[in-house]
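Report on the following structure.
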Amino acid sequence: MTSQRPALSRFPIPELSTLPQDLRDRILAVQEKSGFIPSVFLALAHRPDEFRAFFAYHDALMERESGLTKGEREMIVVATSSANQCLYCVVAHGAILRIREKAPLLADQLATNYRKADITPRQRAMLDYAMKVSQRAFEIDDGDFETLQAHGFSQDDIWDIGSVAAFFGMSNRLANAMSLRPNEEFHLMGRIPKEKAPSQGN
Amino acid sequence: MTSQRPALSRFPIPELSTLPQDLRDRILAVQEKSGFIPSVFLALAHRPDEFRAFFAYHDALMERESGLTKGEREMIVVATSSANQCLYCVVAHGAILRIREKAPLLADQLATNYRKADITPRQRAMLDYAMKVSQRAFEIDDGDFETLQAHGFSQDDIWDIGSVAAFFGMSNRLANAMSLRPNEEFHLMGRIPKEKAPSQGN
Amino acid sequence: MTSQRPALSRFPIPELSTLPQDLRDRILAVQEKSGFIPSVFLALAHRPDEFRAFFAYHDALMERESGLTKGEREMIVVATSSANQCLYCVVAHGAILRIREKAPLLADQLATNYRKADITPRQRAMLDYAMKVSQRAFEIDDGDFETLQAHGFSQDDIWDIGSVAAFFGMSNRLANAMSLRPNEEFHLMGRIPKEKAPSQGN
Amino acid sequence: MTSQRPALSRFPIPELSTLPQDLRDRILAVQEKSGFIPSVFLALAHRPDEFRAFFAYHDALMERESGLTKGEREMIVVATSSANQCLYCVVAHGAILRIREKAPLLADQLATNYRKADITPRQRAMLDYAMKVSQRAFEIDDGDFETLQAHGFSQDDIWDIGSVAAFFGMSNRLANAMSLRPNEEFHLMGRIPKEKAPSQGN
Amino acid sequence: MTSQRPALSRFPIPELSTLPQDLRDRILAVQEKSGFIPSVFLALAHRPDEFRAFFAYHDALMERESGLTKGEREMIVVATSSANQCLYCVVAHGAILRIREKAPLLADQLATNYRKADITPRQRAMLDYAMKVSQRAFEIDDGDFETLQAHGFSQDDIWDIGSVAAFFGMSNRLANAMSLRPNEEFHLMGRIPKEKAPSQGN
Amino acid sequence: MTSQRPALSRFPIPELSTLPQDLRDRILAVQEKSGFIPSVFLALAHRPDEFRAFFAYHDALMERESGLTKGEREMIVVATSSANQCLYCVVAHGAILRIREKAPLLADQLATNYRKADITPRQRAMLDYAMKVSQRAFEIDDGDFETLQAHGFSQDDIWDIGSVAAFFGMSNRLANAMSLRPNEEFHLMGRIPKEKAPSQGN
């Protein structure tokens, strides 16, 4: 381990000043909100069209009105990203999950063995399906839909679970190909109760 | 097997007339070009934002100028989609590959065992990496990049190989969750030399 | 890809004129019927005793009176050969299946993901068992037999399903060791309705 | 465990007297030689054509002149049958191997972890290839042939190694589907040096 | 295979005379009882503290009063050690199992495919759980405990099954890292009925 | 998720006052040092002999003089425990690793994908071997030893790497069978630089 700062990505990181205006705006907005620029924004910036499509897709899934809470969507991200051994997604979305759910232990549980996490039976069914989409989608059959419906998930909810798992299946592969390094800030975010720590966004 | 037409997707297919104008335009354009509407356009249409992001991402990767030919990018799609057992992508992109490469046997070869396909050593290296991104991206290391560079692939080419494999890793999972059914037309496209068969686009 | 004809097998192909009479007769008969000599006949010919035993076994299983139709036995071949990534068997028996079942899409479906194929529940149960014999026969237990019997399969039918899967498990391994190349004719056979295409045998 | 004799097979065992003459002759000959009838002869007898083809194939591979000794072919059988968890083949061919090689420990070694067996480097290369044919034949490439040739194996020898592994791949699946029970005699055969034990054939 | 004696371990074997008194006493006691020194005692002796802890743990599990017979605990050892391909444990504990259960065939059955062994349904449930602990303990859930309780296993029995499987999971890894060679005596022990063979201990 | 405290283990936790004196002493000592009682001490206490052997073995490996630093041994624990999806070991030993190495990010890196961790090439070789012992020890061969020796590891170091991986292979299985819950304290330990946080031991 050298003392020099490890590379953020195997691929080029353009200067912010050279980026198209819409990318720069998006990046500055997230920096304003979070206090730092999550690496994924910089690592995709050398491909503006892919950057735009990636975040458009991300937002369409993660920000929409849904029968799943935003925290539940982050649970899917952490559990499936761990199965894909994606360092960036586990660490970054682990932080977001801790904050959204105000649950400082949950991300570590989901990242190690989602079967041991402090979640409801409905959330367990959600993650069982998300993991199947992530790891062996070719085996999905009508029985999976019946199980989810028995837990109260609508057809739209099932679409959301599967699509979040599929989107981060892509994201995990991109990040592993890049060797994308998570920002140090993520490791600690959401671990300390608000009354003890300074405010953090995501 | 009943005589009734099998469902195109497990999820709802909206009426074309109810879609936002830009989706309708895109769908009519592909119908004009291909002579039919590939199922994926209909199956994603109930989620307009996801539809837009999906095809924006698809086009950014598959239509851009690249050190990979469009045919080579379709080789990646067929080989990795077969590893993910995705019926829609293997059949639809197998058709596109046959047409783009004017190679009526190649898609069947790549879909069964890409190691037996009639391709160059450079294309074999491309597919070895694409399959690694698709199936065990967490093991990617610098050695993979050195191998690709020895075959003349630039850093941008390597990004393209990995991103196509990653994007269709998502697409395969979406299609398997939907149980998306390929259009019958795809099965025969590009199998018969032009002089014997009517013209086909993609 | 060179313009030179790719090798049919890694092992020697004897001249037809040098073969024992019974091998020559068998080969000429299949050529007469199909219009070409399927590669497997040439590739096994350098070992006459093994050639004889192979085709005797093949015919004993595939030609006998059975509770399974000949088309159903070909379904087993295509699905299990795909799991074993055997190019020759998927392509050659895919052709035979299309012709026997007059089902131009079925082989592509079974070769990609047999769970998505247009088959009856009884045929699905048949393929579930065939895939288990093919991929993890050591786990077979009485429950598998009960499931098959509930679908109306007799003890003899169950023997046939398992034996076809086992025989092609051997055949797939032989073909992959040889790198046996399927005849080009197979790729197109049975894809075009009879009224549009010239007659084809198998 | 009941005191009643466990079934030899899940499928019917015909009376010897009802069998075609050639099957009866073969069975009586092996009984004369070994002192008992190995179960596989009885278990296949209800299908005379398959019985004939099976043993014709077996003899063509296991009895022919070859660059592999008969003992080496049995090594392949034991190692690959263990990978396929086939009780009958491991126990029966373990016995034959002990006798052929006069090596009372070798079968137990190969059946547990062939990498730990008392064999030559050439035999280790033979088993590495046999295991690849048995477990992932779809990955075989020219490099495998070069490795074997470097150990002095001819093209015919490589065919033999692969064919024995492939044939017993079929046999293992048949035996597991039948739940074929090995004769008790096999368990002890070849374990005790000749001067201490009564003569045993195979 | 050379005529020279194969190494017992990849790591050093100290002279008996150089060992601490308690190790020497233990080793001489087992030699007195068995007629030879099982290799594991010699192979661990270069690390006296680990030797003491290993055998203390072993005895705590294997010698204690339990709802499992000593023979049943050896069944767990043989089945799980086979799944881990541990030559020493399969051969040595196979011998002990044959003697304890007076069942000359049982170890070969469990070492090849425990699903085919001559055991009771209760013992089958015990081994199903032991194999799950051994191969995919992360999937254990309350359903496993309910299944075992339905077969009459107490909470203490379930602890014992899991702990024996876990302890030999460690032991198998140590033996494979050492390449620990089983004593020749083990291969034959317990195979010949007492009236025919000289007395054997363990 | 209920507000009630989740169970520490599926198995009984005895009252401290009922324990043998030596167990009580050990438990009080660790509580004195760490400020809390790590769950594993309570969860093993219902089996005093196993408790003693477990911690004797643990200490023999983790506390001895070695060519591996204590921090390096904890790296092995975290990486292999993650491969075994053991929540307790990943969280508890992740905390110890952060403290020993004064490296707040390292445990998260090793727990997600050890190939991406900030470690030296020598430590990477150590973990490659540890993971092989943990996941497929049956494949270890002389080449593994040569690789480690080329990185300067002595025979004793190699023993230590393998034994730590093997011991925690047991520990992971025990913890998953118990569903052992890590103390909340571990999740945050070592994440905050000393100048900002109160002192923590292990």
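By letter and in written order, the chains are A, B, C, D, E and F; residue numbering begins at 1 in each of them.
Simple rule for what comes next: contacts are C-beta pairs under 8 Å (C-beta built on N, C-alpha and C of every residue); 3 or more make two chains touch, one makes a residue touch a chain.
As the structure is a prediction and not an experimental result, all values here were calculated from the model.
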Item to complete: Any chance you could name the chains that touch subunit A and subunit F both?
Response: B, E
Discussion item. Keeping to the contact definition above, tell me which chains border both subunit D and subunit F.
Written reply: B, E
Response to the item:
Greatest Cα-centre separation from subunit F belongs to chain C
Worksheet item: Looking at C-alpha means, what's the farthest chain from subunit D?
Response: A
Worksheet item: Which whole number of Å gives the spacing of the CA centres of subunit A and subunit B?
Response: 25
Worksheet, complete the sentence: Averaging C-alpha coordinates per chain, one finds the centres of subunit B and subunit E separated by a number of Å equal to 52
Item to complete: Return the distance between the CA-based centres of subunit A and subunit E, expressed in whole Å.
Response: 45
Worksheet entry | subunit B: positions in contact with at least two other chains | 85-86, 113, 138, 176, 179
Worksheet entry | Full enumeration of touching chain pairs | A-B, A-C, A-E, A-F, B-C, B-D, B-F, C-D, C-E, D-E, D-F, E-F
Worksheet item: What part of subunit B is in contact with subunit D in the complex they form?
Response: 113, 115
Response to the item:
Listed in rising order, the residues of subunit C that touch subunit E in the complex are 138-139, 141
Worksheet, complete the sentence: Note: in the complex, subunit B contacts subunit C through residues 1, 6, 82, 85-87, 90-91, 104-105, 108-109, 111-113, 116, 118-120, 176, 179, 181, 184, 187-188, 191-192
Worksheet entry | Footprint of subunit D on subunit C - complex, ascending | 10-12, 47, 49-50, 52-54, 56-57, 59-61, 64, 84-86, 133-134, 137-138, 140, 145, 155, 159, 162-163, 165-167, 169-174, 176-177, 179
